[in-house]
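In order of appearance the chains are A, B, C, D and E, and numbering begins at 1 in each one.
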């Protein structure tokens, strides 16, 4: 935990005292599939922390553990200084963790504005009786979406009708619209066009500058190098390396991801793999 | 992009309820072919009325309209309850048995001298209790809705038999008789009650958070959950609503037949689901209206009434009902 | 408020020159008992200026459906109603509608609850039928003859909570002597297949079973089949109630020991004739007891040849009125 | 990567049916918590048998087992048919009425001197015809399955009443009598027929193209369509199967009661769906087994049999059935 | 149609006689949304034809028209020299058009091998009676998937369990396994990791070299420049430009996609936009 070792030891063993999120030795199996073996990583306020890795490496599963969708079989997750044990996404959201899931958790049969304001509806009241303020929500939704999307879908159309990228834009708008401490984005720009990608990158930078912590999962290493402050590399259910982005280049990332470079895990941590 | 922090509530800046005008919304709905299905029941109803009226002119007489509306009241109340459940992609098979149980509970309380109001409240509570039991087993116990409500279907009718000791209890109560026979114009009191329930249900479904959560839970319960909606609570709530409305239906039933009977009235189950589906609500959840199921219930009632007026033989009536139900659903195919 | 009398034709009591339009609302639909009743009604209203419309509930438990049908007919210009309610009270609302119209109401088969009729302000012109309890009692008495030394019997009823079934079974229990012991009562939903299954189970469960009492003939035939399947034909007796043709055939073949026949055809016919009599301005007796007869192997041939009417003569005060 | 061109068929290079051994597959299934639900019915059945046997030793007597198996035959046949429909995310509400109609058609043909075989074929054809009608209206007419089969439920039972003129027809036929009473060991012929149908259904569902297409249509009909499967034809086919099996059920029914009756048989409808769902088949389609529904049907039959053997009063029976059905579904919750 | 104008007129007006697919003036509206206004494009055998464009530009809709999912409101689609009018995806597949849809048309409840062999099951027969050859399908499926994926999912696991990239790999395996004249891939590498992307690109090149025509939709312009022989640019429901890849660079594509460059459509073609 001391900064003295910062130069010699890789990032993953540092766990700085100001880390907003600290994940330690988290493991999760689905029946026979050991999706996460032991994962240790952390993320800091005001930084973009990237997670990279092959398909099926366990990135989304890790994210789902952090955001309360899955409960880890073992290990500790600390958020904002205290260990947490989320029993549902609601718990995580209440603590201030907002997630853009890879499978785009939108309700297809609801309209764009209903999805954007799901669980944080604008209300207007007659005394104690409160009703949805549909008009205000539609208006604000239109502004929100048009700031990200180029071909703006009508906010009153159902999400089922949207193109792949339009859906992703709606997801991201949703997540960014909440006031949260940590925003997790699982491959947010995978389906986006060039212009939209640029806007999302701007958004990420703005959120970071406002002091939010951001976890970004991406297969686009250029993007990772451009946006992130720290990078974690996952391989087959483990975080095998963590680096400050400034200290790494594309080749090293590729090497770590593919396994051409072994990573920094000490041998005793790898024991479990034999079983 | 919006500010990350959004106001979560706004004082009533705009007071007009519901945004765009009715006209806009109707024309919007008409342009959207996917929504034609929502109007199947209405088209079916209109066609049916025209056919019956041309065959028998008493069909649209005020007495007959009044009789039909009153006859449809119970089915409307049950269909509204069923709509909430179906909107979450569930189904409440116990709705008719719950009504029977609530009716028997009412009868039990009434003859044991509880007084009308207390007996009514007890009956509604009994209905809501079954609903909450259903909801809890389904959401917490994670058992399929179909099996749970099939189980309570059987259990509630059994309990009704036990409580009533297998015998109907005659209920003679002046206010109840007035409830079943009194009218305002051509609208019977029981129909007005059903209508009021439908209006409240519409507001709840489309103008409150709860309604949005119901639709979200039905549309994609994982996504609803991931956005922090407590889908278990919502599931429990819709079954509670359905049970509660079954309790209300029980009061109307007792008023109508003048007795609390333990024999299950099974036709209400299939008819309540049929009204909902004819009303354009998908059994897969996520999309619903209240007007649709209400019209669906009216359609089914008008159908049997019309066939009776025309003197269609008892053997041919089920055949005719079956064909008309399919045709009513089929109508919309030609509208696109 | 309601019952603002409809346009024409509903002249209460009416003169003999008016045509007679009879509306009838009866119970079952998929049950031969009520079909015989319908034929009786049709038969009884066969006159040059009489017409009849018979409506039935969708099933024996369809109380509200039956009420809906009466309501829709009440709005029309029928000038006599024949009513066979599923329960004592389920038609109370339609009766309230009819009460203001002063048309004669003929109650057949199942009695309308007197208090309910009073509350609805309805005036029942006459009741024609047999008490189901009495029919059950006759079944009990016959059982006493079949099992002189007593023994275990099981009862098979219709749908649980059904009024007719309960009355027949209760009557039976009243009618049996102390040495006959009711060991179990099950519900078979008025369904032959269910009755077969349950009777099979009961034969297994009660090795000393001597007889079944069954709430209708259709189920009785299912029970007889179960006994035959278990190779106990003759060892276990069956008594059922109704007197439909298949039931009588069952008695003839020995599958069923005895049938308490209620003659729905006669009840229906008397109902229609009561309408005619009322239309002609005659005063109806307040209660007419329809014939009930126990059919055993001794008298089954006669019963079959005279079906759907009883073999032995019976009092018909309504036919007397029309003479 | 494979060659783009793949052989579309291979001569029987391996003759062992079904790939991995049964042992492997069972242990695989046990390790997969998602599949525990498939075994709910089996666990429920075993528990039920233990409980009933310990309370009444005649329960497992060979006479009683034989009686139960024979009593379950019709329900098994119907549940297998219902399984195919439910596997495509549909539901066949008309299954029991179709059986009634087929039974009446059989009776009509038989008493009009058609001869046993011809009458049987005609009855099965009548069932299949209703099924094809259902399937065509659903797949070509694009009307919700629920409404279509509700319509045919009503229409088929009406038609049965019309054909039978409302009266049962006594059928006296030596072969039919043998069918309902004959046995091989403790297995009645009718149970063996039901079992044979189940085995064939299992092979069709898991070892033919058609079966895969049924599951694909239920799992994701868009995707199935996009991969060139004619989902309309598949939908029509499953309803045809269900109707056909209802026809077979009708023969068993006629043989069992010795008469062709226009009775509604409504309990078979709910029970057939309950057996399928208790058997672990999802009402949302895409996943199915045949063994599950068969065990579900046995469970439901054993339940009523056991309650009667124990002398549980008629009023408490529905209560007990309801509770046990929910418990059977609940059992699996504790297995995970 | 003459090659004489090839130098002066842009690609889109050439419609060479050897084009495998020719789309002319195809239009499609969903209610109020005019997803495709008038689209004209073509694709040739032995070439990779790329389609690029913003989110919601209409790329996937165009693909769905070609593969028989939607039927165009107007316009002509010619395939292999003859006009076609597919009434279902089955029709298109029979003609030899195979598609990897953006929304990954997999059946989630079926296993990986069942999905791979859906509608082309391997059978083994006892005389005229044929049964599924489950074992052979599993074996071949394992080989097929492992050639594309790095973290190979067990072929007997249900697709529902797979990670985003694993699903995409299964989809692509499916499409490549059929013998078809035209293979359409709608954003095939969007969810893939670096290694998997490289393998898919190899696959695409191999398929092209075998003489198949390939239509590739991608937001990754580097990939487009690397792989394709011709590029079509879509904007708001139209093909606004078509080029040989050799004659275009990244900046020009970006310009055409964003509208910074107007494209090559003659003014009369744009009329419809006013309505």
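In the analysis below, a contact is a pair of C-beta atoms (placed from the backbone, for glycine too) under 8 Å apart; a residue touches a chain by one contact, two chains touch by 3 or more.
The chain lineup, named per UniProt: A, E = D-xylose transport system ATP-binding protein; B, D = Monosaccharide ABC transporter membrane protein, CUT2 family.
Here the structure is a predicted model, which means the values were calculated and not measured.
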Centroid-based (C-alpha) most distant chain relative to chain E: C
Higher-contact pair (C-beta pairs counted), C-D versus B-C: B-C
Chain centre separation (chain A, chain E; CA means) in Å: 30
Distance from chain C to chain A - Cα centre to Cα centre, in angstrom: 73
Chain centre separation in whole Å, for chain C relative to chain B (CA means): 34
Overlap residues in chain E, where contacts from two or more other chains coincide: 32
Two or more partner chains touched - positions in chain D: 157, 161, 166, 314-315, 317-318
Contacts with 2+ other chains: residues of chain C: 29, 59, 160
Residue ranges of chain A touching chain B (in the complex, touch as defined): 67, 69, 88-90, 93-94, 99, 101, 105-110, 114, 118-126, 130-136, 138, 140, 143-144, 147-148, 156, 173-174, 176-180, 203, 206-207, 210, 212
Chain D-facing residues of chain B, complex: 93, 137, 141-144, 146-148, 150-159, 161-162, 165-166, 266, 270, 273-274, 277-278, 282-284, 314-323, 325-326, 329-330, 333
Of all residues in chain D, those that touch chain C in their complex: 56, 58, 61, 63-64, 67, 71, 74, 157, 161, 166-168, 170, 180-181, 253, 256-259, 261-265, 267, 304-305, 308-311, 313-315, 317-318
Footprint of chain B on chain C - complex, ascending: 1-4, 6, 29, 38, 53-56, 58-59, 61-65, 67-69, 71-76, 87-93, 96-97, 113, 115-116, 119-120, 159-163, 166
Residues of chain D touching chain E in the complex: 1-2, 4-20, 28, 203, 206-209, 211-213, 215-216, 218-220, 222-230, 286-287
